[in-house]
Amino acid sequence: MLTQSPLELAIAAILILLATAAIAPVLSRRQNLLISFSFITSAVASLIAVFAGYAAVTGGGVESLVLPIGLPDLPFYLRFDPLSGFFVTIVALLGFMVSIYSIGYVKAFVGHRSVTRLVVFYCLFMAGMLLVLLSDDAYFFMVSWELMAVSSYFLVCFEDDQAQNRRAAFLYLLIAHIGAVLILLSFGLMAGFAKGFENFSGYTFSAMRDSHIPEGWAAVAFFMAFFGFAAKAGVVPLHAWLPEAHPVAPSNVSALMSGVMLKTAVYGIIRVGFDLLHSSDWRWGGVVLIFGLVSAVMGILYALLQNDLKRLLAYSSVENIGIILVCVGLAMIFKSFGMGLLASLALMAGLYHCLNHAMFKGLLFMGAGAVLHATHERNMEGMGGLVHKLKWTAPLFLVGCLSISGLPPFNGFVSEWLTFQSFLLSPALPSPLLNLLIPLGAALVALTGALAARCFIKVYGVTFLGHWRGEHDTVVHEAPWPMRIGMLLAAASCLALGIFPTFVIGWLDIIPETLLAAKISTSASASGWLWLTPVAAERASYSAPIIFIGILVIFATVYLVFHSRTTSVRRAPLWDCGFGKITNRMQYNSTSFSMPTRRIYGFLFNIKETVKYGSNQYLPMLNNRILYHLRVRDRLWQMCYQPFSDASFWLARRVGKLQHGRIQIYLLYSFLTLIVLLVFS
Amino acid sequence: MNVSFAAQLNSVLAALILLTAFGLLAQRRIYGLLHIFALQGFFLSVSTAVVGYSAGLHHLYISALLTLTLKVIVLPYILYVLIHRLRIHKEVEEVVNIPTTMLIGIALVIYSYHLTAPIRELSDFITRSTLAVALATVMLGLLMMIIRKKAVTQIIGFLALENGLFFAATSATYGMPLVVELGVALDILIAAFIFGIFFFQIRTTFDTLDLKAMEKLKEEE
Amino acid sequence: MTKDIYPILIESLQVVTVLVASPLLVGWIRVLKCWSQGRSSAGVFQPFRDISKLFIKETVLAENASWIFRATPYIVFGATVMAGAIIPVISVDLPLSATADIIALVALFAIARFFLALAGMDIGTAFGGMGSSREMMVSSLAEPAMLMSIFTVSLVNSSTSLSQMALVLTSNPIVLRPSLAFALLAFVLIALAENGRIPVDNPATHLELTMIHEAMILEYSGRHLALLEWANMMKLFLFAAIGIACFFPWGIALKDNIGMLPAAFILLAFKLALIGVFIVVAETVLAKMRIFRVPEFLGSAFLFATLGMLSYFILE
Amino acid sequence: MILLILLGVNLAATILLAFIGDRKRAPELNIICSGATFAASVFLALSVYEKGPIISGNGFFFVDAFNVYLAVLTAFVSMTTAIFSRRYMRVERSRGKVGHKGMRFYHAMYQLFIFAMLLALLTNNVGVLWIAMELATLATVLLVSLYRTPAAVEAAWKYFILCGVGIAQALFGTVLLYFAAERIFGEGSKGLLWTNLSAVADRLDPTVLSLAFIFFMVGYGTKVGLVPLHNWLPDAHSEGPTPISAVLSGLLLNVALYALIRVKVLVDGATHSHKAGYIMMVFGLLSILVASFSLLRQKDIKRMFAYSSIEHMGIATFAFGLGGPVATFGGLLHMLVHSLTKTTIFFTVGHASQMHSTQEMSSIEGLIKGNPLVGWGLMFGVVAIAGMPPFGVFTSEFLILTASIKNAPFFTPFFLLGIAVAFAALFRKVMPMAFGKVPDNQKPIRVAYVPVIVHMALILVLGIYLPTFLSQWFHMAVELLVR
């Protein structure tokens, strides 16, 4: 295996995935065998791809290959460079965990519906994501990109008998497709300025790299690509599909979609912004930064108000993509002023967050899947107390919550810290306006971080803690072993990535070096692997291992001190303030937990609260039934989507009048067309 | 018959064809329409023969003969039989606002003249001035199809339009190559059979040949 | 030899100082408060007595409490002590101070808060959830202001490491900086909110509907409660220490200078005493505000911090 | 020789089937004849590929890379449609929708229609091209009204009248063309031969040719189904038997567009301007927009795909109007893949509506569960037709879009809007049909597997791999069309 080059390994992985997809229908009569076989092979393929990606980044070289298929003058070009390698690693790493998880998860469908479709498109989806990262010409990129979109679309509407699922999948595919066409146009624009457009060779990325595009057109190309990719990444206001599609997909698929599919869009933005186009206009970065900030804040606020577990996680993905884009935007701004070192710090923060988000969001979605598996419930209002029943899932999910809330020593904190560090370096920019504005962005990121913590306390507190909130006590059973292993691996990597950031940064450093010609590892690990010092030790430093060990030691010491003595611990009922028994209905739930948020940030949403008093039929003078109804809607939906949809249907009605039914009118059209054309010729 | 006389004769025939085209626009009765249409075909045929004679192109005689057979005898006969068999001869069509239609028609003639003016300069044929009339006949036929409401009248409008095309072919170019002429004639013949079949189909399915019955296929409001 | 022992020595001294001085600070505040209200006090050592009494008392757990509820006191205590080992209190030459800069320190406090809030949710009462929800609301509002304040301070010192900040401030001549003044103002407001002092929360009350911090730990008893109380006292002390390191570090012991340590202790005690006076004055003058006025309160903190940042760029 | 076989087989089959078209084995005969035509067309294509353009029959026939590829496509699709029609018409017949006479008529006219299209493609004479186009219309008119329902008769009538009028205008254009050519070639049929015309294109009078082009545009444009001349198309496609809808959509529109392009080459040569191209772009764009918005509110499944055909013909017209090698390549490819894809869709749609005995989309449901081939075929057909890779339509749209943003960036947003709306409309309607539970009104029927699978495989292959000979072919055609 070691004799193979990274690209060969990656291709092997993709071929295994495609072959699995092709074999799957043959096995469709034996569903259990199909599940075990295909998910094990896809796990193996992912593992191979992890090695490939890792080796590509470590090797730092560029490998390319031309496949003999595609258009005759435009065969499929493949290229494996450190940037692709890094993203391949992310995709494959989470893919590996999720594949293992799926062995357990998908078996729950057996007997209810055929899983052949799920298996086929799962493999195609994985292969599509990897191909996107490897492709090196516009055509192949688009083919892979849409392969990814279509296969994930079929995965989203896997449980197709519910209209809601179909609607979600439809919305997803629509927005994805519009985004894809924008990307395509952007490539078309770049190819148009490249050499050899007429004989198809302008479509290769290498031709685009070498082309000189006028500044104005370059901006058009960049923003088309940015919005195209943003539609896939779920950047506000193009995020509408995300909270619809992720919840209805099977949880293993949501984990992949949220954890890694969104990253391919980030990859695209980085590829176009740093590699294909060479601009020195800081406004590009500024726009990316602003969209990132808006997504981060809005995403987490929306997440806070959700009661559906997976929907909440989906919104939180919007937030995290926002943070990644903030870093990318900062890097672009730094780059435009020629500050390579700072740019690479910001880019590093972004890339690190990509990796982290893949891990903890994958973990959380897998956890959500385990909860769903156990309770058949997505609404958090009907859960609670699962910590007592799900002995494995509960702590693993907690790890995910801690990571995503940016708490040391887990991984989320590292990237958040790096982000703040790059923000804190913005005063070095030679533009006074940016000096004043960028810190405000930092404040918004801080707000996002704090709200994320609040949000995930709600998630964990309402789902796992307290008493069961549902109407009847359902039988809750812990997830099978493959699911636990998948989550365990993700949790372990969350911790590892949090504790050993210096290694990761040293590994990744080749990427900013190739893109920006500046590297930070010389300063970042200057004080040894224990200390992360991105710029200089005097400037800022962080040592995750010491914090981790420190807290553990103190914890252990205190615990041992107290447990050497024999003080009795007694269980007692809750204090009920002297009234009657406290019932489960009196607990704080998701809606009440987020009430302060609704009060403070309510103006951003479309909130309708209604309270109805129902009277008791025996004692009419007492109003003892109070019905509270809350509806929170996305205001952006009404602002950005509703008008489009309405206008389309309005236009459709208008256009429909053309087909009036009277043949004379049709003849008149023909006649008038003739007259008009004759007049204008 | 010298060339200039032939040209004059051709102009007169062109004027007559134009007149019949207007006549078709104005006529309400079905039999009346049929007669005018046959007359138009006759003029066309004569005009073709005159051109053939004056230019010395003998294949145009075949064209003239074809026209005569098809447009003056066969098609009006088929239509006559159909009208008779389907008992629609009593239906008198309401043609709205004839004066306006006439005005539009005159505007179309002027417009056709305007359009063909640059082309006239190119041609050295005796018939060159009649191209405008041919185009006008085509457009008037189209106009007729637009304003009429019955299937039969629409077909007559369609055939009048084809007459205009024929006239264009003879007047502008001294006729198309024979193979084309024959093919076109064959097509028209087939078309005639098809609309014959159609009249029966429409009659049996809708009980009327009024086009109002056939406005069901449309986009819903 | 001393070279090797010195870091360990100073680190232990630091941790012991934090552990011991924090109840003292709280005791001092209570004493001052009694005096200001014309009551006789129980003395500055009363917190010690409270804690030690709680340690030997029986621990009563709610029926529904899970392992999270039981682990929380230890985690909170651990995180707070860890923070105490990092913030330079008596000397800038603190070996562990490079472990975390001020942003990471804030995150350490966030761990403690995270688990406290989870523990509040764990037992399944309305009070616990209410406390968690409100606590997280306050913290989420305080966070941006905190960051802006840090931003301003780091602009002045071009560092986010507390030791470095203190070192830069003390080693340079004293300059009056409007930016630092604004940042200090913001920091004070944030610290009051974070530590649950009046006007945001009242640590002395168990009045049901106004509780924030107390609501979360309502079900704790015995040694768990002792640990939480102690951690809470340390937190107050550490915020005071952060304020001192960022804004008034003069007097802190510099590198390899054991001789300065006694003076540093005395000055620290003096500064803390002053802070105690300030807190008591503030709590006497102000009334606790309604919970939904807190956003305005913290909003003004954010405003001050931003003004500080702006005035750095515009005026300095 | 091959040419005669190619055309003769159809003609003979027409006559034969007119008498025995209702026999038990008539569908098989239909398939065999179409297969023979296909084989002949492949031979023809091979000889063109090896030896270059062929002129034969005293200049009457002219075969070059452009029309031979369309001829092969026509022969191929007519063969697969014949296979499809075997099972489809059997069901229709068993349900009493067509009688003996109807079957005879159906089979004969089917072959006549194919003959007319092949003649239109292969002839060198612009006048004969017109005749063949008219013949193709006439052959299908009565097929549209085969079921004799009021809607079918109405649709056929509209088809007949509108296309008749349209094509009459094309005849006027032909007359004008001949008029211009006569000044160079003099009297006789030489002046209508395309090979001659294209050789002297730059000497033809520009005024006459631009006038002629307008008549051609309106005339053949009506047959292509370009907005605002399209009104017959949704009616005719939705009311006829589905095999006829498939060949109308997949083949006839292509042939009409072929005629238009042939003329455009002449006009471009004569006028030395891009005016004709602009006219085609405007028509194309208008078709894309109107068709895509119309798609949004459709209720009838075949009607919806008829509008989709208008949209795609608009795309192809736009591409040829755009000119340039990339766009022209894209346009040629688009004609090919649209034809294959749309016929696949009509095959599945036909079976789907037979399964539910209705064309109302709201009553069709659960196709994937009911019959996986029909369900997935429809689903993938729509995925393909909506322009998603890895299917061929994406390839052509990719080329056209990129060329359009390079050469006509201000048209592109409208193009994009059209594509997006059409995409939304199609998926919105198709998802509930393909997915979901099997409803009560669904009945299993015997389905033609071969055509659907073969077409889907071809579209898939064309999306990721264009064989060299095909692309060589296209390049040869592009060279003919782009000067």
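Order as written gives the chain letters A, B, C and D; numbering starts at 1 within each chain.
Operating definition for what follows: a contact is a pair of C-beta atoms (placed from the backbone, for glycine too) under 8 Å apart; a residue touches a chain by one contact, two chains touch by 3 or more.
Just so it is clear, the model here is predicted, and its values are computed rather than measured.
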item: Chains touching both chain A and chain C; value: none
item: Chain pair with the greatest number of C-beta contact pairs; value: A-C
item: Chain whose average C-alpha position is farthest from chain B's own; value: C
item: Centrality ranking, top chain (CA atoms only); value: A
item: Distance from the mean Cα position of chain B to that of chain A, given in whole angstrom; value: 69
item: Chain centre separation in whole Å, for chain D relative to chain A (CA means); value: 43
item: Between chain C and chain B, distance of the C-alpha-averaged centres to the nearest whole Å; value: 100
item: For chain B paired with chain D, centre-to-centre distance based on mean C-alpha positions, whole Å; value: 31
item: Where chain C touches two or more other chains, by residue; value: none
item: Overlap residues in chain A, where contacts from two or more other chains coincide; value: 653, 655-656, 658-659, 663, 667, 670, 678
item: Chain D: positions in contact with at least two other chains; value: 157-158, 161, 165, 169, 211, 234, 294, 297
item: Touching pairs - complete list by chain label; value: A-B, A-C, A-D, B-D
item: Contacting residues of chain A [partner chain C, same complex]; value: 384-385, 387-388, 398, 402, 405-408, 413, 417, 420-421, 423-424, 427, 432, 435-436, 439-440, 442-447, 449-451, 453-454, 457-458, 460-462, 465-467, 527, 531, 537-543, 546-547, 550-552, 554-555, 558-559, 562, 567-575, 577, 582, 584, 586-589, 592-597, 599-600
item: Touching residues on chain C, where the partner in the complex is chain A; value: 55-68, 74-75, 77-79, 81-82, 85, 96, 98-101, 103-104, 107-108, 110-111, 113-114, 117-118, 120-126, 128-130, 132-134, 136-137, 139-148, 151, 154-155, 158-161, 164, 208, 218-219, 222-223, 227, 291-292, 295, 302, 306, 309-310, 313
item: Chain A-touching residues of chain D, taken from the complex the two chains share; value: 157-158, 161-162, 165-166, 169, 210-211, 214-215, 217-218, 222, 227-229, 231-232, 234, 275, 279, 290, 293-294, 296-297, 324-326, 368, 383, 386-390, 394-395, 398, 401-406, 409, 412, 416, 419-421, 423-424, 427-428, 431-432, 435-437, 463-468, 471-472
item: Residues of chain A that touch chain B when the two form their complex; value: 653, 655-664, 667-668, 670-671, 675, 678
item: Interface residues, chain B side, partner chain D - complex; value: 57, 115, 118-119, 122-123, 135, 138, 142, 145, 151, 154, 158, 161-162, 165, 168-169, 172-174, 176-180, 183-184, 186-187, 190-191, 194-195, 197-198, 201-202, 204-206, 214-217, 219-220
